[in-house]
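Have a look at this one.
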Amino acid sequence: MAGSPVQVTGTVLTMRRVDAYHAMTVVAPGIADRFRPGHFVTVAVGGPRTSTLTRRAFAVHDVKPDYGGTVELVFTVRGAGTAWLADRRARDPLDLIGPLGRPFPLPRDPASCLLVGSEYGAAGLFALADALQQRNCRVDFVLGAASSDRVFGALRARRMAETATLTTRDGSLGVRGSVVDVLPGVIADTHADVVYAAGPMATLGGVTAVCADLDIPVQVSVEELMACGIGVCMTCTVPVIGDDGVTRMTRACVDGPVFRGERVRFGDLGTIPFDAHGAPGGDRAR
Amino acid sequence: MPADMRTYLAHVELPNPILTAAGCAGTGRELAPFADVTRLGALTTPTITMSPRAGRPTPRMAETPSGLLNAVGLQGPGIEAFLSRELPWLAERGVRTVVSIGGGSVAEFSALARKLTGAPGVTALEVNLSCPNVEDRGRVFARDPSAAGEVVSAVRTGARYDLPVIAKLAPDVADVVAIAKACVDGGAEALSMINNPVGMAIDVDRMRPALAAGTGGLSGPAIRPLAVKAVWQVHAALPGTPVIGMGGVTSGRDALELVLAGACAVAVGTVLFHDPYAGHRVLRELEELLQERGFDRLADAVGLAHRPSHRTDREESSL
Amino acid sequence: MPADMRTYLAHVELPNPILTAAGCAGTGRELAPFADVTRLGALTTPTITMSPRAGRPTPRMAETPSGLLNAVGLQGPGIEAFLSRELPWLAERGVRTVVSIGGGSVAEFSALARKLTGAPGVTALEVNLSCPNVEDRGRVFARDPSAAGEVVSAVRTGARYDLPVIAKLAPDVADVVAIAKACVDGGAEALSMINNPVGMAIDVDRMRPALAAGTGGLSGPAIRPLAVKAVWQVHAALPGTPVIGMGGVTSGRDALELVLAGACAVAVGTVLFHDPYAGHRVLRELEELLQERGFDRLADAVGLAHRPSHRTDREESSL
Amino acid sequence: MAGSPVQVTGTVLTMRRVDAYHAMTVVAPGIADRFRPGHFVTVAVGGPRTSTLTRRAFAVHDVKPDYGGTVELVFTVRGAGTAWLADRRARDPLDLIGPLGRPFPLPRDPASCLLVGSEYGAAGLFALADALQQRNCRVDFVLGAASSDRVFGALRARRMAETATLTTRDGSLGVRGSVVDVLPGVIADTHADVVYAAGPMATLGGVTAVCADLDIPVQVSVEELMACGIGVCMTCTVPVIGDDGVTRMTRACVDGPVFRGERVRFGDLGTIPFDAHGAPGGDRAR
């Protein structure tokens, strides 16, 4: 049943602050069992009679076999839902659905893999790094953020990977600039065969452009506002080019969030590309 | 003894009154890992259009207090792909399927009805009147009694006689009863309400509309009072017409509210995004509530809140 | 530097844009223990009618998700008692007062306007168009452009030329812009929106409507998306007409949402029942938000979300 | 400033179960200071981003000078708001407004006072009993409810009053029946000069009828659904006969909740009496 999502009432095990982030470990056996790197979960927020209806999506940072299976999420407080989540305490119940989405595809043969994480996007890459190393892949990291407190996982990346390059926009840690700026150099240094990236859409677009230039395959984990996370609402679509060369408005939650970078039309985000399947033409119901 | 939950949409019997709302249950496949969709009263498809539609640009959603704004824009594969790839999956499993249809003109609606006639596995057609009429400067059919009636009658004529036609009404009209009557006169055997009223949110950080499309449809518990009102008014005016009530149902109590107002079936929409198992949960809760209240049959509760009131009611309740 | 918060309703300057909504701040006296009502942009009175009105039977309220249904039925003392007992209290303290008026006929509205002309302390008249027209089978004025326009023009004629006339619109109409235009054509110098859409709740224990009156007006955050949409559409169509936005405002962010959509003033209603100090809090929060965003003047933010959008917006925001 | 209400963020001091009731003590100095018997408070429920907008009204059971002033509320769980309240724990913040309403008028000279409380209505009568005893009044109690676990304050009533008569509808405690059934006998036995009553409206109507028959003054604390509690919304009205003999739809929150029983038109609750000031006639705006 790997991959088939379940809805569970988990129990918060621990809450920690990690710089600008909250790390939450939840006992959620059915989800931990089925997890593969790149999966995400959705969380019901606000408690009974809340006015915040929609679930919030989070990458799974880690799963552990403890207590039958735990999942760890790492998040920043943005709006109402994440503020509520940050207030949870050990033993609180938490309603989770997962694992969701298409996980990162792993190379069949050992390869040199460069993992690029910007902001909280970094959180989802560590389970991937583990899986890659188990397959005897070389793993390198590029982690970046606006400021040093938002570079997630630098220590762990340094410990586990061959190299870990850090960037901050304000220069407070590592190289001043973005992960995209250092990418060509790091790719050259690490002889990367493949790049995996997670972070804001603009960053993913930049990473994809660099990889395309250097003709290296890149897998990106995209983000789009999600109302359901399970493929029924059609709010999370991204213009993605299919195997047949046709661009379709493709659901990030079930057909992604991981896509081959060059398939995502980053330049056309927030639009319906004129050549997309079903793009406005004759028929215009609401 | 549990209440008899059977209900009827025209001559079609459903084993229970809980449906999914159009556009909220995907193609059926997506819900299947969470809940047995064959056990629903029926599943309603997203609105199917003639041609494939890419829908609206993102952002397509915004959360509002107890509500959700969406501007998906009827993204879908078009009728041919629906018939070849989506309907068969439902039909094979025996999922009772209400097919929602939408078009930009009367002719398009009628063509869709013809294409769906005879397709195996179609339980009823639901006419999504919240579609802009390209022949009337994009004014939606649901806002104009004569346009609404015309569309319904074209669908009724296009579809086989034994396929019930349901007209789906929007709440943001001056007089929902007038639209309902026009639809029934046009041949609708049942009515479903409410579709999303149009709403809007502004992102105060970007200082732009939160949705790329500007406006969107409001759904969720926030609109339940509008749904109860619409069902109540239409049931009062057309007590013989079956009504599928929807709008913000999250629990058996919410479903019972719509039933007592006059709905003989209730659809769950937005709540599925929060709880994919909600249809089955709402059904179980509704069964329990009916049993607690001593009902033998769901049918006896339909519209019951309309019974004349007695002065003593109030005092009993405050004891 | 704090932003200049002054705003204008026609030629009348208000020191700040936060008003109370009609029927939500009592006569002013009740709020006084909690907040200095003279510091509000203005206080709007409950709708004043010609004769005293006892209103609707109880229950008059029901809570709904993020909303409140009310069926008070314009209980009030009538214009004479208002002029002799309520207005003087406000006038003596220098509370800027928008007097909301309601009638069952054009003649009644016009008579009310004449009675209020010259009364000290009246800042503007607000015409509550959500009143049933006794001469048109109880159809509310707000749902019919010509009836709305006629009422407004009668009030405009009845009131002194320098007393601004504000028309208050309801959202549950097929085309709010058409009503807005009719009101402006009828002489309204400003528009206020939204009044409560009609909704309903059923008490599933008594199995009766929760409100004695059956239906009621829905207010609170649940309806904010309907308010933002109405303000947006009317501002787009009539950019020169001042709009007082209201509907579910609970915070400065909510107020800013309406301002960016096109409101030059914002009224707080239901939130006062929860937090009698809300008007002042919302004002302070709005000031802070404007300052954070670098605005020198509130006026510069009014309708700003309408500016043409650039593709790059989206990318900036996701950085 | 006695009587002028304030809005305060109090702190929950203790939560106790008392039979079917929850008793909550909240540190709320400004409110305790101003309290007189018969006052009520309103409480914001549900926390941030709740969908339950309106405050809930509760009689003040007791005030104490501890910690600058505490108020105690006694309530049963009915719907969403009281369920949330029952989940509060010591140290939780609680937003209160009070004291609200018109308190019980006290007799100028010592008198024999009979206090009649049905269900949670009993909670508001103990502070009144204290005040009456301080004025050298004789105090007797009649307390009733559906069942024994819902008779509030029986012990305390027995301890402090001359007599305490208990009634339950199911006969599980005291006399089987309602407080109204025993009232004529108790009035005779205690030589009551005045009756104070709180409880469901039907009970108050019954109590008032008995008192009218016996020509004894009665003060009742009425209950009507309240959206604001401070007099601005007009949802809480009750038909009450004024000093001028005219019936007006009168706000329970600011003009009550305490009224002279014979002034309340119990038989016409839930209607607009045809002879009420402004009753439907010519003009019918919505």
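Some points to look at:
A, B, C and D label the chains in the order they appear, each numbered from 1.
The working rule: a contact is a pair of C-beta atoms (placed from the backbone, for glycine too) under 8 Å apart; a residue touches a chain by one contact, two chains touch by 3 or more.
Treat the numbers as computed from the prediction; the structure is a model and nothing was measured.
Under the contact definition stated at the top, the chains bordering both chain A and chain C are B, D.
As a whole-number value, the distance joining the C-alpha centres of chain A and chain B reads 35 Å. Between the CA-based centres of chain A and chain D the separation comes to 56 Å, rounded to the whole angstrom. For the pair chain B and chain D, the distance between mean C-alpha positions equals 45 Å. Those residues of chain C in touch with two or more other chains are numbered 65-67, 220-221, 313.
Taken residue by residue, chain A touches two or more other chains at 49, 51-52, 269-271, whereas all remaining positions touch fewer. Chain contacts here are complete: no pair of chains fails to touch.
Contacts from chain D toward chain C in the complex involve residues 4-7, 44, 51-55, 97, 224-238, 248-249, 254, 269-272, 276-286. Listed in rising order, the residues of chain A touching chain C in the complex are 49, 51, 200-203, 205, 223, 269-271.
Only residues 65-66, 221, 311, 313-315, 318-319 of chain B touch chain D when the two sit together in their complex. Taken together, the chain A residues at the contact with chain D in this complex read 46-52, 80, 83-84. Against chain C, in their complex, chain B makes its touches with residues 64-67, 69, 143-144, 171-175, 197-202, 204-209, 214-215, 218, 220-226, 228-229, 232, 248, 253, 256-257, 260-261, 289, 293, 301, 304-305, 309, 313, 317.
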